[in-house]
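Structures follow.
In the two assemblies presented below, chain A is common to both, partnered first by chain B and then by chain C.
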Partner chain A sequence: MASSIDLVWVFVGFLFTVLILSYVLGDNPFFRLASYVFVGISSAYLVVLLIYQVILPRLVQPFFETSSSQLVLHLVLFVMCLLLLTKLSPRLARFGNIPMAYLVGAGTAVVIGGAVLGTIITQVKATVAYRSASAEIMPGIRVLEGLVILLGTVVTLAYFHFGARTKTEGETPSRPLWLEMLSYLGRFFIAVTFGALFVSVYVSALTALIERLSFIIQSVPMLLKGLG
Partner chain B sequence: MPFQEGVAVSPSAEGDELDWLRSLRADAGEGEIAGGGGQDEGMSFLPEQEAEEGEPDWLSRLNLGADETAGEQMGGGQRFEDQQLEQGEEWLQRHKPFDLDQSGLAQEEGGTVIPADGEMTERLEEQENLGNWFSAEPASQDGAAGISHEQPDWLSNIEIEQPAAADAESFGDEPQLFGGADVSGKDHHEGDWLADVEQYDEAVEKPVVSTSGVKPFLEEDLPDWLANYSVADESVSAGGVSQEGEQPSVPFEEGSFSNWLAESSDVEEAAPEVHTEEPSELSGIAEAQLPAWLQAMRPVEGLPAKPLEGGVVETAGPLAGLPAVIPTDSLAAYYRKPPVYSSKLRMSQRQQQQVELLEKMLEEGAKPLEVAPKKRYPYSQRIIRLIVGLGLILVVALIYLITPPGMLVGSLSPGEGMENFSAVVESLPADALVLVAMDFDPGLGGEMGLAAIPVLQRLIEKKARVALVSSSAGGVIMGEDLVRRAYEELGALDAERVGGYDLEKKVVNLGYLAGQTVSLQEFVTHPMRAARFGLYGLRDQKQVWDYPALQGHLSLTDFQAVIVVVDNMEAGRVWVEQVQPKMQGVPFLMVSSAQAAPLLLPYYESAQVQGMLVGMRDGLFYGQKWLMPGNRAGFWGAFQSGMLITIVLLLLGAIVQLAGALFTRNKTRQEG
Partner chain C sequence: MRGIPATFVAVLTAVMILLGYFVSLPALESARTLLLGWAVTLVSVAAIVGVFNLVAVHWRKLFIPGRERDVYSAFFLLAFFVTLVVGLWLSPSDAQYQHIVTSIQAPVEISLMAVVAVSLAYGVLRMLQRRRDLMTILFVLSVLFFLILESGILAPLAYNPLLKQILHLVNRIPLAGARGILLGIALGSLTTGLRVLFGSDRPYRG
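On to the complex of A and B.
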């Protein structure tokens, strides 16, 4: 038996779900009301989360630590945070460049290092040593799959090769014929890729719709029972 | 040609100088008449009053010295002077003392404008300083006035030979004050006496002693008389005679004077008196008495050598009444058009082709896109959207409602990733410590719940300790909600399956990792610092690592497995890049949404991710495999119907568009 509090929240969830689904009728005040409430609640939630998850534990709490070394370190971080606040003022914004430079530099270094070691190198190695379950069953399939991967990679790269030259003066610059053919084939691979991505997005959206409809279907008898 | 301004060599001293004049006349009769040695009339005429009263001593010495020098070196010029002495006594009487106050300028017969006041005083003072050397200076011979009165044959020939275009050419070359006497070396055929003008200009502009032997003309081009004179001139220069203060006779054409200068011919003959008398008078006038503005306004340097026809008559100021003095209106005509330099850019053919290509691209980009006219359909787009939307909702809801809850999901086999995922989870020991990263937003909470809840229920069933963490703000709370729902649904289905599982002790929330990539890097290297208090550490006044679920575990390698629940590709990639390499063999699993799966599957294919569960479909299969609660058949049926409706609508749309295109083409052909 759901408590009254649960019924309230179920009702709130039901109401806002219906308001959002009203967009099928076009943009209307009910949909905008639900959108604004969602934006407001998200902002408030984010502020509370940052206060309790970032500012207090990582900026204020360290000053109550007994270790002097940590105190000095956190004092530096505190000053950096204050300098970051100067970005709010155009006149004092230049003082915020120091922490911004630190953030951007450190962040870039971390991202690049992870991308090189975690994605590029490993993905190249995996592409070379491609394996699949079907390939283990039919060894000939492995060769075919490898060729498809190689062909798709080459023609896709060829599509993004925009260099052109003219054979005779006054002629419109154009790519060589063989490059044009590869580029045309590359368009096919790119279209398949974007199609697969679109289907994936649509599947996610359809799943969300089904989940919400399931919630509504389950909520109606619950609310009716609660009201009754 | 050397010329002494104001030199008192005058025939007016005839009374006192008869002896030397006679001797001079005798020498002249023997000498050869030189064309360029025209006498300066200014030198030849002195006011008769002074001539009668007698000549000063210094003037006598000058005359004597000049006569001697002239007699020796300039026979032609002196001869001309003597002729004037003989023939010009009548007109000599007509000359009156020149009144400086009339125009402020003293004009010399040769057309040279002699500035009055301060400049005149300076020149006269210079002449006084010349001292004895002046007596050795040859007398000036040339003079336009002399030519006009009585010209020797050679001088008449010179005038005839001077082309009128020569002046125009000289004017066209560059504007010159006194430009009427163009003395450039290339024009020496116009009259050799022009060389004298050049020397004069140089002497006036640069009052520096010039003893160089540079000659303006080639030796072979000089006439004989000029060659003789050149020799005499060189001898004078070699003798240390300074040309400062020298003024050559300027043989300008008569027409080259300004109008006002030509009109003042009545007084120009009195100029010699100015040269002789003014030094004593003007020397007493302080230069400071001349106002600066008047100094700047003096037209002496700005007067064109040629008369400006139709010039403006000055109506005010010290130049009042003088026409064409300031050549402001026609000044532009004196200047040559500036040379035009080529600005053509040099480039190779390849560069030219690239430029053309770029221009073509820019032209194509600048072309306005042709906006297709809005097609008018017999039906409203809004109605179609309403029908499609409502139809989809109704069909999906209807299928969900009519599907029996206990019905099994279709016969589709689960993916390889899900099987590996399940195998890894089943390999976990009881009471295993599992790190579950909840990096998804509430927008896709429905799909992620359908995928992740069965996994969480299986972990709960296996009594695993779960540590939640999120680098997404929404994921912190959403993760806790999923765990709670999994526990409640599993408990609602079968309480024994959750028996002994205490959420407070088995589940801990490490909280929010602000900064995503950087914070994940810190979380891997220093987990206790990155997630120090967790979500409830401040409330409970203890660090998150002191909670029962994490007691005794201080690093990420203490976890038996890492499960990342993500709804977007970026979050999953960051976890794989930053965390997976540091896990040192700890199984790395991933629960992904359908939209992020295509871009995350390569990490599974490369074995960086050991197991992958994608979206609702894999979640349903996983739940069915482990008999988890939920209306899986309803969800799967609704999903299949929804996809079927979508495919049908796409096909219908494609058919309608194709038919419309064919109809339009046929209609166009018929009309055409």
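On to the complex of A and C.
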């Protein structure tokens, strides 16, 4: 037997589900209301989480716990955080450029490191030295599989090569013929890949839709019983 | 001249962190850890600044005279301040607070995902109506094939050894395409990162 508090939260969940699902009929005030409330709650929750889990332990507590030599370093961070707050005012926003530059620099390093170590090296290695995960696959099919992977990777990359040259003056720039052919084959791999990715997302979304419809079907009798 | 200190900070930070990644020296590694730790704190402050900017925008939409009032902003502000005050009072680890927040967040997020199912199906139908080229046909055929495959209808075919091999091979095609796309994204990120590292792109000059 659900308590009255539980029923209130079931009602809240039911209400927000119906308000959001009303979008299926087109953009409407009910959907907007639910989305504005959702954004308000989520952004406040984010601020609360950041204050308790990052700002207090990483920015405030060290002032009371670190040695004087570390304190100087910590002051640099503190000043940068204060400068970043100036971004809230259009007049003072330029003072926040230094911490923004720091963030861009750190982000750049992480992106370069991640791209080189995490993607380029590992994916190239995996493509060149491809081994089928399944032991039941015939040797001939395994070779074919490796070739498909290699060819697919190369032609997909070729599709995204948009550099073009002109041979004579006044001529429209175009890609070399071999690159054009590779990129045409690349379109096949891209279309099939996007199709497979689409299906993954669609199946997840469909699961969510079934879950919500089942929630509505289950909660209506529960709420009616609670009202009665 | 005005942007030089910011460029210097960006390049120095990036170089120090990259050295920490690629050169195995304890001093560089600890510098990388320190600098990344600072970046985490700064990202949090930047996120808070972003949220307060959002609040300011809704505040202006509601209270600045001479503009058409957006009544939905009132609901945003109410939800924001109630959640913020209660959260600061109870702390985010409080079970009751978490229950209240997730009781609203979870149904909304799952429902938005559910709406995506309808929008995606509608989008594919619209695409079929408006664009009928080779890419569209290939994409739709791929969608139909993988939908059938995901549904499990073709599971009995796995008992036939030859069909099993063919299905396995067809399943590899998206892997190859995804790998090409991933490599393309990584190469693009690397190029953009290098442009920032060499100071030719300066997205921090606001």
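Assume the second predicted complex is superposed on the first by the 182 of 228 C-alpha atoms of A that agree within 3 Å, B and C clash if a C-alpha of one lies under 4 Å from a C-alpha of the other, contacts with A are read in each partner's own complex, and residues count from 1 in each chain.
Note that a residue touches a chain if its C-beta (ideal position, glycine included) is under 8 Å from a C-beta of that chain, and two chains touch if they have at least 3 such contacts.
Everything numeric here is computed off the predicted structure, so don't read it as measured data.
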According to the stated criteria, A:24 is in contact with first (chain B), second (chain C), both, or neither; which is it?
both
Does the superposition put A:212 against chain B (first), chain C (second), both, or neither?
both
After superposition on the shared chain, which partner residues are touched by A:169: those of chain B (first), chain C (second), both, or neither?
first
A:12 in the overlay: touching chain B, chain C, both, or neither? Say first, second, both or neither.
second
Tell me which partner A:220 touches in the superposition: chain B (first), chain C (second), both or neither.
neither
Have a look and say if chain B or chain C is in touch with more residues of chain A.
C
With the two structures laid over each other on chain A, which partner does A:152 touch: chain B (first), chain C (second), both, or neither?
second
Using the touch definition from the top, say if A:192 reaches chain B (first), chain C (second), both or neither.
second
A:202 contacts which: chain B (first), chain C (second), both, neither?
both
Could you tell me if A:44 is touching chain B, chain C, both of them or neither one (first, second, both, neither)?
second
So the chain A residues that chain B and chain C both touch are 21, 24, 42, 45-46, 49-50, 52-54, 58, 103, 106-107, 110-111, 114-115, 117-119, 123, 126, 193, 196-197, 201-204, 206, 208-209, 211-213, 215
Sort out for me which residues of chain B touch chain A in the complex.
349, 353, 356-357, 360, 382, 385-386, 389-390, 392-393, 396-397, 400-401, 416, 443-444, 446-447, 449-450, 473-474, 476-477, 511-512, 514-515, 517-518, 521, 532-533, 535, 537-538, 567, 573-574, 576-578, 580-581, 593-599, 602, 605-608, 615-616, 631, 634-635, 638-639, 642-643, 646
Counting only contacts in the complex, chain C reaches chain A at residues 3, 5-7, 9-18, 21-22, 34-49, 51-56, 72-73, 75-84, 87-88, 91-93, 99, 101, 103-108, 110-118, 120-121, 124, 134-135, 138-143, 145-147, 150, 164-165, 168-169, 172-187, 189-190, 192-194, 196-197, 202-206
Partner chain B, residues of chain A touching it in the complex
21, 24-26, 42, 45-46, 49-50, 52-54, 56-58, 61, 103, 106-107, 110-111, 114-115, 117-119, 122-123, 125-126, 130, 132-133, 164-166, 169, 172-173, 193, 196-197, 200-204, 206-217
In the complex, go through chain A and note every residue touching chain C.
9, 12-14, 16-17, 20-21, 23-24, 32-55, 58-59, 73, 77, 80-81, 84-85, 87-88, 93-94, 96-120, 123-124, 126-127, 134, 136-138, 141, 144-145, 148-157, 159-160, 186-199, 201-206, 208-209, 211-213, 215
